[in-house]
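By letter and in written order, the chains are A, B, C and D; residue numbering begins at 1 in each of them.
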Amino acid sequence: MNGAATNPDCHVLAYAGAQVKKGLDIAQKLGAQNFVFWGGREGFLTIHNTDVAAELKHMANFFKMAVKYREKIGLKCQFLIEPKPKEPCKHQYDYDAVSVIGFLKHYGLENDFKLNIEPNHTTLAGHSYEHDVVMASAFGMLGSVDSNTGSPDQEWDTDQFPMDIRNATLLMKTIIEQGGLQPGGLNFDAKVHSESTDLEDLFIAHIGAMDTFARGLRNAVRIIEDGIIPGMVKDRYSSFSHGIGQKVEEGSASLEEMEDFIKQNGEPKVTSGKQEKYESIFNHYI
Amino acid sequence: MNGAATNPDCHVLAYAGAQVKKGLDIAQKLGAQNFVFWGGREGFLTIHNTDVAAELKHMANFFKMAVKYREKIGLKCQFLIEPKPKEPCKHQYDYDAVSVIGFLKHYGLENDFKLNIEPNHTTLAGHSYEHDVVMASAFGMLGSVDSNTGSPDQEWDTDQFPMDIRNATLLMKTIIEQGGLQPGGLNFDAKVHSESTDLEDLFIAHIGAMDTFARGLRNAVRIIEDGIIPGMVKDRYSSFSHGIGQKVEEGSASLEEMEDFIKQNGEPKVTSGKQEKYESIFNHYI
Amino acid sequence: MNGAATNPDCHVLAYAGAQVKKGLDIAQKLGAQNFVFWGGREGFLTIHNTDVAAELKHMANFFKMAVKYREKIGLKCQFLIEPKPKEPCKHQYDYDAVSVIGFLKHYGLENDFKLNIEPNHTTLAGHSYEHDVVMASAFGMLGSVDSNTGSPDQEWDTDQFPMDIRNATLLMKTIIEQGGLQPGGLNFDAKVHSESTDLEDLFIAHIGAMDTFARGLRNAVRIIEDGIIPGMVKDRYSSFSHGIGQKVEEGSASLEEMEDFIKQNGEPKVTSGKQEKYESIFNHYI
Amino acid sequence: MNGAATNPDCHVLAYAGAQVKKGLDIAQKLGAQNFVFWGGREGFLTIHNTDVAAELKHMANFFKMAVKYREKIGLKCQFLIEPKPKEPCKHQYDYDAVSVIGFLKHYGLENDFKLNIEPNHTTLAGHSYEHDVVMASAFGMLGSVDSNTGSPDQEWDTDQFPMDIRNATLLMKTIIEQGGLQPGGLNFDAKVHSESTDLEDLFIAHIGAMDTFARGLRNAVRIIEDGIIPGMVKDRYSSFSHGIGQKVEEGSASLEEMEDFIKQNGEPKVTSGKQEKYESIFNHYI
């Protein structure tokens, strides 16, 4: 939409509306299963000339029109929003996974959309590579993945082909744990580096990145099937399966009960998080 | 709470619950008007050992217990959550204003809490100084401000006294526009620099920072009373006060109407955002 | 040169050499006073395919050819290198002011070049706005300034017009203190924001930025003429004007003398850096 | 030295001098082979109260005293400076490898010092993990390595145990290529994460990190022995082994010769950097 949904000129917004209508009509004809709203321009360059509250409302109303039109034409496809924090804008409303979820919840749109996560955008928002995939999944909102990457020391959108096996393993583990991405999937929205000027580079890049994800998938399957790391995590949270912990889990505990529990049981012991142990075991699968 | 609400050991969580109960009892005795839950440790150091979905639910249930106990004892004070993105954790759930709002909405807590924004945390989340104050206000959730600052080139929490008049002006303008912060306020959660070792430095720092906010307030009042910048912004969004724009504003427009509008009116003209003009006028008030 | 001096193909490097020869011939005809070598592409995208030691030597030898040709044609102009840390490359050799100075010293080129500092590049290298201007000046190597800026929360090259009076004041203070920039100067290598689409925006931006520097210059002159801050700094370093301090300053002190001094004088007292006092006084000039 | 060498009070500097003298005397008794000057506090918190030129000179003179005293007592150990960009200071003079090299060259100290690189500091300076090891080695100045790490999304000094096999491979490859580090070595200046509270965590962390470097070393050896990647790099730079390229390499080429070469040979062809191919092959060794 290129910033149209938050444009201060309703003529521009109407133009974007006409385009989205056209897009949905074509999606219907093609039998599309996913329809991504790329959030990469919905935001502002300077707060001086911007009415944020008005723009958020316009954006929400714009999405509601798309939802209505999808219903009207009987289009059965998943709507997806792709978070992106900034660039080209100074700030974009779809900053990261949780920002988008907050926006959708605020405007009652959470049942009509899922998220399409691009890890390169995740790192630009100050998170680690796998973070938004994990968070979207934890909120039940992970719909699809744009599987390109940046470099940790380059803080703009480089859209590189993903070549890091460790990162791919973490991603595939999360996707397996939530039972897959269907109807979404992994999509290469990547481009070769500017100096990769041979035609064959495009093929090499796709093959290398697919191999990376294939190794990540295999690693993740072995981690889950071996059950060592999942078992350690399960143990770590096991105090929530009974007694006062179970009541917290179910939402029936009270502060008074907690005080009573502490009066009876005294101060808690310190328990190690054992991060280096997890990291060392994880490395055995890489 | 020091990470207790998301601790995998329910004994630790219960201990935190007992502490918060005590805190609320004391707040009641003191006639407290605000009660801040500092989000600075609710998060994780590594995804390897963490069940994010479980932790988010525990954190929500913990807050619900606090809300219930507040009601039970008849405590009339504003609950506030203070976003902080990271440090000491790798990732904290209360990453920024919109993250916290998304969490509160997801768990039905949005009427029981407002936000206490610290701009130093805002910049650590990758935003500009005034950003979370603006965003929290746009969502109607700005309750109070911890008015300390960092340096743009230092990406950890330095808690400096705010001395930038431009930033203070933007902050005060947002606060005036939403009608103040009551029962919250501006709070210096700052400390002098490590090399400022004289007793008088503490006084100088407070005076210098208060002067900065006083100048910011005066500048903001003049900006609003002069009406030049507010008028330019109002004009910029004026197409939403009538016709198809008004229908977008009210949420009654449809994609089909938008398509019709474009068929009748053709392509939109490009309109300048005039950022440099806004910046130049703004500088006249500094 | 667009990366040519460090290109692994000497045919490309030769092409760049021919271009620079042409540029110098034209500079001669035009009576140029400054000739900038923009370092923005001399670097690498990946260490996997790069021989850093070879590239540094090639770059040095390339600059030496330019120096020789300048002498040969009797061109009397200042050669300048403009540091830029990254973008488009992952790493560029001219990362910041001190990196370039280190390179020039290593290859014996320090008398043939000065630096052209762009503060937007300085902030991309992780420093504060004024930092490289200060550092280049401290090393006696500040030759000219590209006076555009970025935003602290945008970590790529936005080339905005500078509008921050505080930053402009710090810059002009450094330039005055070193006795000016001649034959260099302040140059706007900036562009208007992407949404500033009116022709007049270009004029407004130049006027606004020039006004910002004019205010910065006036502030800096007042700071220097008042003498309060310069006097405080002079006092702070006054122990180096006599006794053991003077010997350190002159390079004639020894560790043995220092040990003797401490044996006679005992542990040093803690002295406050008084940063907040400096900041508060500085604010009076803004 | 904790900032003492750049302290504006010569009494503090003298105290540091006495301490360093003592340290050198003890190093002599212990038969020390390396002596590290940690640069982590030599810098400034605010430019307002700082005379950078004076501090650089004091720091240089301080190092010269240490060199003289080392000679005087006949101590045969390598002096090392450890770059660190910031934290606790806003800016530290030993920002990164090339900054330190520039400083040493400027003051004629380059034959008396080498560099002790900590990759966690390298990433804080905006570079990739392996960068300063590569750069120090390219300048012939790599003396030792503090092998701890940070996380790419945490921009302060976390001193974690290194667990990334890819990074360890790049590091060991550079060290092998320069013929080792002797008399320096790999040193764990790391600490376990704050939540790793068991005694055994310290052992697990050391074992996991040593295993990581062992795998990195094996990977690097195979990369070098296989010769595929080294051969590709050698080919890439092969045009500098004859003709005009060789003259550039030897420093005997001129701009006029380059122009002649282009007149005879025409425009250069574009050659792919083949980054994705390098990355894919590299992944086979991980």
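Assume a contact is a pair of C-beta atoms (placed from the backbone, for glycine too) under 8 Å apart; a residue touches a chain by one contact, two chains touch by 3 or more.
Because the structure is a prediction, the values reported are computed rather than measured.
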With residue numbering as the guide, point to the option in A-C, A-B or A-D that repeats B-C in over half of the contact pairs. A-D
Farthest from subunit C in C-alpha centre terms, which chain would that be? A
Would you mind pulling out the distance in Å between where the CA atoms of subunit C average out and where those of subunit D do? 23
Subunit B and subunit D: spacing of chain centres that average the CA atoms, whole Å: 40
Quick check on subunit A: which residues sit in contact with 2+ other chains? 45-46, 86, 90-91, 126-128, 131, 151, 153, 193, 195, 271, 273-275, 279
So how do the chains connect up here, line, ring, star, complete, or something else (other)? complete
Subunit D partner contacts - residues on subunit C that touch it in the complex: 8-18, 20-22, 24, 45-54, 56-58, 61-62, 64-66, 68-69, 85-86, 90-91, 95-96, 98-99, 101-103, 105-106, 124-128, 130-131, 134-135, 138-139, 170, 229, 232-233, 236-237, 239-240, 243-245, 248-249, 251, 253-256, 258-259, 261-263, 265, 267-269, 271, 273-275, 278-279, 282
In the complex with subunit D, residue positions of subunit B that touch it: 45-46, 86-88, 90-91, 151, 153-156, 193-195
Quick check on the complex: what are the subunit D residues that touch subunit A? 123, 126-128, 131, 151-153, 161, 163-166, 192-193, 195-198, 201, 204-205, 207-208, 211-212, 215, 270-277, 279-280, 283, 286
